[in-house]
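You will see chain A twice below: alongside chain B first, and alongside chain C after that.
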Partner chain A sequence: MGLFGVLDISAAGMDAQQARLEVAAANLANAQTTGTRGASLYKPLTVVLHSDMPKGAQSVAGLTADSLPRPVVAQTVEMDVTPRLVYDPGHPDADARGFVAMPGVDPIASMLDLISISRSYEANLRAFDVTRALLQRTLDAGSHR
Partner chain B sequence: MSILESQPVFAALSQALDVAALRQAVHTANIANAGVPGYRRLEVIVDSQVQASSSEPPDWDTGASPAGARVVQTAADTVKLDKEMALMAKDATRYQALLSAFERTASLLQLAIREGKEG
Partner chain C sequence: MSIESVAAIGNELSAQMGALTGVAPPASAFENLLVSIEGVNTQLLAGQKVTAQLASAPPESLHRSMLSLEQTRLSFELLLAVRNKALDAYQELMRMQV
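Right after this comes the complex of A and B.
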């Protein structure tokens, strides 16, 4: 059991938040795109996170610092949301009634996601800092009289 | 048994440091897994070696040391980031306090080894 492995847990947490950040940014960036030239319409993505329990451990009994659950990106899936229809008759991708289909990205939900991602990332970074400080303090113990 | 472990104070301190390190690991895991669907908060539970039924105070030489620290899953309790950060700060301070106690005890031992001479 050691504190060194704990740094990996924080790193896994930051990785997971990074994946969420990429997806939120991609959703916002593609919110105004249309399915032009045969390409299919962009579908908003979402990240599915799992807590990776150590192999064979169904319960937490007997967990040590090295075998604590850490978050992993299970998959990135397309959300099945209906496209947003915008009335724009002059648009080359407009249908017969003058409506253009755009990805059903919810900008408010995406912005809220960004706040939550940012907070979680900061928390992981803070935990990393604290663990590192404790390690450093342990290394320094007894080195000075 | 090493010379450090032969000193009951050091044995108790090192066990307490182990528990404090486990606490830090569990806080970190809780923070990293916060918001993951189905994740439930983990906690460290410590059984003290001091017998509750014993009427005598703990013997100085055998000491009272934490033993059998266990990680348990709390029932349907999701992680609250701010609460977890506060607990982590508290337990990190406790870890540092234990290290200070370790250093002071070690320097006393060194003083004895130097036969009381300074420096």
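Right after this comes the complex of A and C.
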């Protein structure tokens, strides 16, 4: 579909960044939660992105915008990080020694993630905009009245 | 409609165009245009649905909605450009001195 296909590729890139942003937001939001008897302690999540052919396309041989690989969320996995122990004997979820377990969310890494997500999304948006502008200008070339 | 004395020119022209572009000349240009108008109409209806969804509930992904709307807008503008071209050609013919 030509340039329209390029728009779709950029949208797929934004899909991937949106998935990363959702997970990063969830990690930050759950950073102060504690494990209770009912629910286990929140484990920080991470998104695994893979590059995949769109449905229907078999190989890159054709090399049109419709058959180029685009990012897909392969899976969202829990990271194996040790919980953060906070000494708070009065807390209802505290263990025998008075420590409360909280998810091992790394605030600095989370902030870096946010910056990277923001920039990547912007880059995809820029590609989208450029394609859109080119399509528009090509249409305008056909009507010089 | 074809006028026999000039039809030969048209045939020759479309054959040359075919050789040049590698694309067989369409059976009927006007019929093709109607089909593409229908395609644009489908796009417009899809765009309408997206707008309604945007208004009623927060979308699953905003960029997907924008992509859909942008595709709708561009395909409509393309249709408009084709229509203007056709009308220009017609008016040019009507102005021709006989």
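Going forward, the second predicted complex is superposed on the first by the 132 of 145 C-alpha atoms of A that agree within 3 Å, B and C clash if a C-alpha of one lies under 4 Å from a C-alpha of the other, contacts with A are read in each partner's own complex, and residues count from 1 in each chain.
Throughout what follows, a residue touches a chain if its C-beta (ideal position, glycine included) is under 8 Å from a C-beta of that chain, and two chains touch if they have at least 3 such contacts.
Model, not experiment: these values are computed from the prediction.
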### Query
What is the contact status of A:Gln18 with respect to chain B (first) and chain C (second): first, second, both, or neither?
second
### Task
Mind working out whether A:Val77 is in touch with chain B, chain C, both or neither, as first, second, both or neither?
neither
### First (chain B), second (chain C), both or neither touched by A:Ser51
first
### Task
Determine, under the contact definition given at the top, whether A:Pro69 touches first (chain B), second (chain C), both, or neither.
first
### Query
So, A:Ala29: does it touch chain B (first), chain C (second), both, or neither?
neither
### Query
Looking at the overlay, what does A:Ala127 touch: chain B (first), chain C (second), both, or neither?
first
### Task
Considering only the touch criterion stated at the top, classify A:Leu112 as touching first (chain B), second (chain C), both, or neither.
neither
### Query
Of the partners chain B and chain C, which touch A:Ile9 in the superposed model: first, second, both, neither?
first
### Task
With both structures superposed, pick whichever of chain B and chain C touches the larger number of chain A residues.
B
### Query
Following superposition on chain A, which residues of chain A contact chain B and also contact chain C?
128, 142, 145
### Query
In their shared complex, at which residues does chain A touch chain B?
1-3, 5-6, 9-10, 12-13, 16, 49-51, 59-65, 68-71, 116, 119-120, 123-124, 126-128, 130-131, 133-134, 137-138, 141-142, 145
### Interface residues, chain B side, partner chain A - complex
18, 21-22, 24-29, 31-39, 42, 70-73, 81, 84-85, 88-89, 92, 95-96, 99, 102-103, 106-107, 110
### Residues of chain A that touch chain C when the two form their complex
4, 7-8, 11, 14-15, 18, 125, 128, 132, 135-136, 139, 142-143, 145
### chain A contact footprint on chain C (complex, rising order)
61, 63-64, 67, 70-71, 74, 77-78, 81, 84-85
